[in-house]
Each structure stands twice: as structure tokens, then as C-alpha cells.
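After this come two complexes, each holding subunit A, first together with subunit B and then together with subunit C.
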Partner chain A sequence: MTDPTSATPEGGSVIHDLGYRPYTGPRLGPAAIARALVVTGFRNAFGLGRSGKSKVLPFVLLGINLMPALVIGGVMVFVGLKRLPIGYAQYASTTQVLLGIFVASQAPVLFSRDLRHGTISLYLARPLPSSTYALARWSSLLGATLVFLLLPILLLYAVALLGELDVTDQTRDAAIAVGLALLLALALTGVAGLVASWSTRRGFAVVATIAVLLIGNGIVTAIQGISQEEGHPRAGEVAGLFSPYSLYRGLMSTWTDTHGPTPPTGTAMQAAYLVVLVALSVACVAALVWRYRRVATA
Partner chain B sequence: MEAVVQTRGLTKDYGSVLALDALDLEIGAGTTGLVGANGAGKSTLLKILLGLVPATRGGARVLGHEIATEGPAIRAAVGYLPEHDCLPPDVSASDFVVHMAMMSGLPRVAARERAAEVLRHVGLAEERYRPMGGYSTGMKQKAKLAQALAHDPRLVLLDEPTNGLDPAARDEMLGLVQRIGRDFGIAVIVTSHLLGELERVSDHVVVLDGGRLLRASSTDEFLDATGVLLVEVLGDDAQARMAQALNRSGVATVARGTMLTVDATARASDQVDVHDLIRDTASDLGLGLVRLQVDHRHIEDVFATDGAGASSPEVSHD
Partner chain C sequence: MNRTILRLSRQALLGRRRGIVLVLIPGVLLVLAVVVSALTSDPSVGYEAVANLGFTLALPLVTLLAATAVLGPEVDDGSIVYLLAKPVSRHVIALSKFVVAWAATMVFGALPLFAAGLVLDVGDPRRAAAWGVGAAVAGTAYTALFLGLAAFTRHAVVVGLLFALLWEGVLGSVLDGIRWVAIGAWGREVAAAISSAVPDQSMGLGYAVVAAVVVTVAALWFTGDRLRSFTLRGDE
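Showing the complex of A and B:
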């Protein structure tokens, strides 16, 4: 057998077309990797970095979601109202169907897609632990949901300031709305993410999330309406503990002037609303981490 | 040089299945073929080496890192091509490989450069900018290979890279595997249940059977030293006349299909070279000698010989 290197004269200089160049640059740690994953996931949630048609739904929903705020802005500018026709916090409650569809349709992009196409095994074969992966995905969805919730508040706030309404009042109301939006986003992200992480089918995840969020809210609202009519508001207050939207409405009634049906009365019940909403979010994140730990070792 | 992979009594017990049974293994640089039937424990071994699946007993070191405690360090330095589909259909290969390089810790700019380079090496040209959902199986396998190489790993684990490929794409993929081990200087562990293709590309072969090590040695040792020549002649009743003539000269022959096998070692002490004898015999008989070649063994033979011995533990090999 001939020696393949024998053609090279001993000690002679030759140009090697090695072709492959090793990478000698820096390698970043887990924090930087996680950050990159969060950013990519956030972009993917709006269809950026994906195919053209995957951008349609998130941006259409976002556009419709901003429409009322734009209309109010127009009215404020031309008519000059003395107060905003809709409260900052009330806005999310009014557009809850859009919000629900957005979260339900985009959670599978971040959670089901990797499971469905097996991409998860490539992530798991890389340095990030499965728990960090789960938290990064969750953060991306939280970020996207917050954009959806906070943009209208920001728009209304700008309109209010342009309309020369009282800055102190408006800032306080807007700040409360931002806090409420954060609580709602935490809960919705947790629920939608958890449902999507258990489903490899996008369609199933969308339907299941909408069922949990919107139909669940529908049932709770019906119970609250009936209990109000029948004069047993306490039953409605308890029922309100069972849906993220009704929890949001309950806290909104507590902290702002806008009131939903059967608002929680008494400090204990009001505290219960807050505790349940936070506990739901925490439980969902914990379940997500647990879920991906199971996927990793399966 | 330190072993790339070293296992000590590595055992994985799934309860119903014993996937790996006290495996002691040492794998060095270059390309190593991991052979075994489906369910022999190949994929399980790769997942354990990545530190994803915990071993039931025993341990292993990969690139000097302990699998039980240093999983992240191993996964930072190892590339993995899984057996099953793993590509999102709505992302282009270019974007995907950049993303995967970043998931291994490369900064964005470096990840872009690396992605362009590895995609060129695996041979994905303009199609790299199209969503991967529209790719052929061959292109998908190339994209999977590109993401495994994106972060310049020191070891790549390729699980059935030729699965589902047509012959041309299979040859191309095997050529790539060979280049990674030889030219890129990256250690390769490649699994296959098709033994023939591993003979071509690997320097070493490890044979697993039922979670146990059947044999580990260099590919040359598997293939060489059968000491048998294959002879094929054309003419009237050629094979029988040739066999008779060779037997008269003291060379044993055995018919194999249209060919004769000649034991070349039998006349090793004789002055006459067996090759010359065969040539002269064919010439004397007026037969056309159309084939005279060394009979290479195939890795399959290992299963026929060692496999039979392994099934009855009391038999000792000589």
C-alpha cells in the first residue's frame, strides 16, 4: 500500500488545503446560552426567523389587540375627553379572547414544536440543563405575552399624557395595570406552556389551552353572574378562584375603580385571589421543569 | 494519547431490558464503528456517553470527563447526530445551524461563520436558505451533520447517519464521515446495523450484541488474514478442471459459487508462489483467468464465528 504522504518531499513546504478550520474563539457560559435561547424564542413567538406565514397570526392578533387603543387615542386627540374611556387594567379584561388566542397559539411554537420534531434531543445534547431550557422557553413566552399586554397600556398612557390628563393619577393607574398585567402574564404563560409541553400536536395544544382559559373563564363568569342575581355573591367569589382571568378581574376590582361581577370582599378573600394567582404560576413553572427533566432522561 | 471514551463495567438496566451489560470499552481517536443489531444497545450507549441517561452501574469517561458528574462539559465538547428526525420544518438550515452553534456557547458572529463553513463542508449550497421541511432525506441528514459539527466538537456521535439514504447519498455521507475522522481531526463514533458500510470508513470496530461487547479491534484485523484467494476461470467445465489441476499440484480448493477458494497459506513453505501456480495452471489448461483476488473477510463473519461462541459461555476460544 502506498503512503499517501510520500508525494510530499521531506521537509519541503507545501500548501495544505486542509479545508476544515478548527474553532479557537471564545465559548460562552450557560447564562449567555440561555439568554440567546430566550431571545430566539421570543422572536420565534412572533414568527420572526421562521417561515413567512408563521408571522401572520401573531401580528394580526397584535394589530387587532392594539386597535381599540388606537381608536381611543384618535378620539382623545380630536374630542379631548376628561378621562380615558377604558381603564388601563380593564383593557386586558376586555381583549381577553384575543389574549387567550395569542397565548394558546404561540405557546406550541415554543414548547410543542421541539417535542414534535425531535429538536429537543439536540438541545439536550448541548450544555444547557433541561431545567434551564424549560425556564428559557417559559421566559420567551412570558416576554411575548407581556408585549401583547403592555403595548396597549403604553399606548393609552401616551394618549392620556398627550390629552393633558393628570400625570400623577395616570402614572399610578398605569403602574397598577402593569403589575396586574405581569401577574396575568405569569399565570397565562404557565398554563399555556404546561399544556403545550404535554402535547406534541400543535392543534391539540391550541384547543386544550383555549378550552382551559376561555371556556374555564366562561363557566366562572356564568357562575359569578348567577350568584350575583341570586344574592349569594360569596359563591361567585369562590368560583372566581378557578380561572386566571377571573382572578385578574378580582384583583382589578380590589386595586382599581373598575369592578367586575362579584369582586372579592374582605382582606382574606382578596389575599386568597393574589395567592392563588401567584401559586398557579409557580406550580406551572415547577411542573414545566419537572416535565422537561422527564423528557431528558426518557 | 488519552482514550476518547473509556467505560468501566457500564450497565444500563431498564428493568425489563438489560440494555448494557457490564461494558468495558476503550475507544481512541479516529473513526470507530459501533456495530450491532437493532436493540444491541448502541443508542443507549451514546445517550449514556452524552450524560443524558444515567447508568445503572459502572461509569465512563468521555474526553476525560466523568459522565455522572460532568455532563455539561461533555456536551459542550461533543456533537450528536440523533437517529430520528430532529429538524424544525419552518426554519432554514442556515438559521438553524447558527442557532445550534450558539446553543453550544459560540457568540453570534462566530456562530454565523461556523455555520457557513460546516454547511459548505457537508455540501448544502443554495438550499441552505430554504425551510428544511422541503428537504430530501439526504439533505436533512447533511443538515443534521452540520449542526453536530457547528461548535467544532472534539468528538461526534453519529447515530445511524446513513439511515434511509439512497446508495448515492449513502456513499456521500460515508465519505463525509471518513473525512471528519481523518481530515478534520475530530474523533468519530458512528453506529450502524449495516456492517458493510462501517468496514469502509472506520479505523476501529466495536461489536455489541445484547448489551455486551462481542469484539473490539482495528478494522484491518477484522478484514485481513483470511489467507484465502478467490479464483475464477472461464472455459469448458473450467471450474472442475482447474480444481483438479490445482489439487494435483498439492493446493486444496473449495468451490464457492462460480469461483474457487484457494488456501494460499498451505504452500507457504514451497518455493513456487501460489499466484504464479494459479496463473500457470490456468494457462496450461487454456482457461481464461478472470479473477485472482484476496478474499477479504466481512464484519458479518464476526457474528458467524464469535457470535456462535458467545452464545455458549463454556466454549473457550483458541
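Showing the complex of A and C:
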């Protein structure tokens, strides 16, 4: 193949060559395209660069998510508490419904629209492999989810430091919470992205993601409650492996002193929680890449 | 009611993947009920947990899926104009769509809850029936409300989720007063009136029933009214 950037050589012109000069300047590679895609996707997840109406939903959700942290901060300042009333890691567990709704409602923005409107073929016509496209979209969602998860932690941390709580303790707790948040975000965005790329109808994708995340969590919580009542905590520990939220709670019980029902006991079980959470994320992202490879070749 | 609209809505509802998820949610609930009743000897253990899961999570999700499926996709891709261009009263369109979504809610939302109750404790059919009837009442009001949302905003699904899960679920468990304006609590009140095994909400059966009826009728009328003055907007 001839270099598409070079000018048509003398005498080699075809009938529709009007003699315009082609672009001969430097061209950025796939890395630059992927980077641009990640940044645009991240902005789009919050409605930036889109219509005013699409900004409402993500920012309302973000606002509701931050409200408890603001209230806690205000209470701490005015009452002069000497410890945070809620752990950094516990915060995401308390607001898990909001978190689920945010991830579920913004994943279709990134994954469904290009598939539904067929614009995916325009992206794939560029020198960008379908797997890079899938990973770029997923990174955008991951970034947006991390903002959603980390802002309250940051806010609580700032309040704790300004309230002159013990810096070492707070920093350690906050760092653990950040690590846990990263693990949770990996799993949630993987699941949500996979569902959104499988279903191109927006509303349907949202409900399906919520059903997977929250009904899964509800079932696990029910089993954990029953197994604790019946005196078989081991069954509850095993059940905890089957939902991202319960995995998060299990790891939270392991690494902090906030405990959920039937926390994993023993190093093997605790390691299993970590391994399953990471494996779930990796599997979802791999399925996502595979899905877009199918789209690209179809 | 219009039979053609009924048929088309039913196809939109049960077609392909949406139908699968609509069956999967109650299916998972029933499987959980079977597993719990097989593993526990005492029927009282786990009954509350499974019934609560079905009532607060599975029922609103099935209803939301059904109510937005009969209207949402048409609004999304703009094909609703062909329906609205027909000489059929908009209120009749709203009612026809409501009937389809309502039937789906009863079959995939309320009936499985009754069946799960029977599986968990076959000796107390009254308790199972109470949950079933409570779910039917709540499901009816939910269906009308979510249909109204679907006619009102493109983000009907998310708004509906925020209402059912955040307002009624998370906030409702912290602030007791929310039960006066929570559809799920009305359904529980009706269930408590049938069987004393269901914890009652202490708001009076009369209030619960009247509130559910008022919300259903008002939301249905609102849906028809929204369709009457419908503005088609482009994709965002």
C-alpha cells in the first residue's frame, strides 16, 4: 500500500484527484487517540461536553453522595467530636445504593450509545484496535467512579485533619479506604460496562446492572444473616464471595475494625476474598474486550 | 383500551433480552426461597429476609422494567410519534400501556412473592397470601408511578430507582415518617391487615389503600396528560 499521507506522484493521478494538497504534517499514533478517548469519556460521564440536561443527573447523584460527608464534617466541627462517626471505608458501604445507581446510569453513556447509533464503526475506522477502544471506555468509567468514591473520603480526611485528629491514624485509615475503593471501583465498572455493552437500550441496561449488583448483594446479605442465626458462619463467608459489595465488606472487615455480618476468618478465606474481587474485575474487562472484538469483526 | 396497543406493548415487554431479565429476577427469588427452606429446619428463619428482599428490591425492579419497557423505548427512538398520530385518545393509550405493565408486574412481581412464601412455609398460606396481596397493591401503584415518570422524563429509570431504593429503602429505614409517602410501606400495611405475621406500619389500612388508589389514578391521568401535550426531544 502506498503511504496515504504522501502527495500523489506526477502522472499517477486518477480522474477525481482535484490536486488538493494532502495533510503531510505529523500524525499522532493510537496512544494519542486512546488518551483523547479516555479524557472525553471521563468528561462525558459527568455530562461535561454534552448538553446541559445530561449534566443534571451525574451531578445530582454526586451531590447526594457528598451530602452525608458534609453533614458529618459540619457536626464534627460544631460539636467537636474527637473521632469520625463513620469509618472512611464504611462510607462506600453505606452509600452503596447511590454508588450502584451512578455506575449503572453512567455506563450506558460510555458503552451503549456508540453501539446503538452505529458510531462505533467510525471509531474502529481509525487506527485504533477494538480492544484499546474497550479499555479506553472502561478507564473513563473507572476514573468517574473513583471520583465518586474518593471525594467523600477526601472530604472526611480534610475535616479530620482540620479537627486535629491523630494524623498517622487518619492517614493510615484513609489510605486503606482508598485501596478498597479502587478494588470496588474495578469490579463495579467491569460489571456495569459489560452489561451496558451487551444491552444497547439505556433504561434496560441501568435496571439490569442494578439487578445484578443489588439483588446479588441482597441475596448474599440474606444468606449471611441466616447462616449467622443458624450458627454456620462458614456458609455466610462462602456466600460473601458472590457479590462485589459483600466482597468489599469482607475485605473491609479484614483490614479495618468495622465489621459486617460473617466477616471472613482465616488467612485463606481473606485471601480468597481479595483474589475473587480482582479476578471478577479482570474477567469482566476481558469479556468487554472480547465483546468489542466481536463487534469489530461482525 | 385498544387491543392493537395492548398487543404491541406486550411484544415490546416480552421481546428478547428484556423478557429474560423479567423472568430471571423472580426466578432467582424462588431459587433462593427453595435453597433457604431446604437448608433451614425452622420455617421462621429466613422468611423475613427473603420476603423483604422480594418486596423491597425484586418487586420495584420488575415493575420499573415493565413500566419503562412499554413506553421508554418508543420515546427514546422517537417512534412514539407514529402512535400519537393515530386518532386514539392519549388517555386510552396510557391506560392500555398501564394494563400490560400491570399484568407483567402481577405475574413476575406479586405472584413469585406469594409462591416464595408458600415454599418457605407451606403451613401458613395466609402469610404468603398477605405478602402476595401487599405486593399486588404496591405493584399497582408503582406501575402507574413509573409509567408517569417514563412519560415525563428520559431518566425515568434512574428517577424511579432513586425513589424506590434511595427514598423508600435507604432513607425509609432511617426516617420512619417516610412510610407515609412510600408505596412499599402502603403495601406492607395491606399485608399486615391480612396476616399478623407481617410487621405492620401503624398508619391504618384505610390510609394505605386510599393513598395507593390516589397515586395510581393520579399517575395514570398524568401519563395520559403528558402524552396529550407530548414534546419530542432529540437525543442528548
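Basically, the second predicted complex is superposed on the first by the 273 of 298 C-alpha atoms of A that agree within 3 Å, B and C clash if a C-alpha of one lies under 4 Å from a C-alpha of the other, contacts with A are read in each partner's own complex, and residues count from 1 in each chain.
The definition used in the following text is that a residue touches a chain if its C-beta (ideal position, glycine included) is under 8 Å from a C-beta of that chain, and two chains touch if they have at least 3 such contacts.
Owing to the predicted nature of the structure, the values given are computational and were not obtained by experimental measurement.
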Task: Check the residue A:Val191 against both partner chains and state whether it touches subunit B (first), subunit C (second), both, or neither.
output: neither
Query: Which holds for A:Gly225: it touches subunit B only (first), subunit C only (second), both, or neither?
result: second
- request: Kindly classify A:Ser51 by the partners it touches after superposition: subunit B alone (first), subunit C alone (second), both, or neither?
  value: both
- prompt: After superposition on the shared chain, which partner residues are touched by A:Tyr20: those of subunit B (first), subunit C (second), both, or neither?
  reply: first
- prompt: Looking at the overlay, does A:Ile72 come into contact with subunit B only (first), subunit C only (second), both, or neither?
  reply: neither
Message: Quick one: is A:Leu122 in contact with subunit B, with subunit C, with both, or with neither? Answer first, second, both or neither.
response: first
Message: I'd like to know which partner A:Gly203 touches here: subunit B for first, subunit C for second, both or neither.
response: second
Message: A:Ala174 in the overlay: touching subunit B, subunit C, both, or neither? Say first, second, both or neither.
response: neither
Query: Intersection of subunit A residues contacting subunit B with those contacting subunit C?
result: 50-51, 54, 117
Field: subunit C residues within the subunit A interface of the complex
entry: 17-18, 21, 24-25, 28, 32, 36, 39-40, 45-46, 49-50, 52-53, 57-58, 61, 64-65, 68-69, 72-73, 76, 155-158, 161-162, 165-166, 169-170, 235-236
- prompt: Considering the complex alone, what residue numbers of subunit A touch subunit C?
  reply: 50-51, 53-54, 57, 64, 97-98, 101, 104-105, 117, 198-199, 201-204, 206-208, 210-211, 214-215, 218-219, 221-223, 225-226, 229-230, 235
Contacting residues of subunit B [partner subunit A, same complex]: 50, 52-54, 72-73, 75-76, 78, 80, 82, 84-91, 95, 99-100, 102-108, 110, 114, 117, 121, 131, 147, 151-152, 179, 183-185
Statement: Listed in rising order, subunit A residues that touch subunit B in their complex are 18-23, 25-30, 32-33, 36-37, 40, 49-51, 54, 113-114, 117-119, 121-129, 296-297
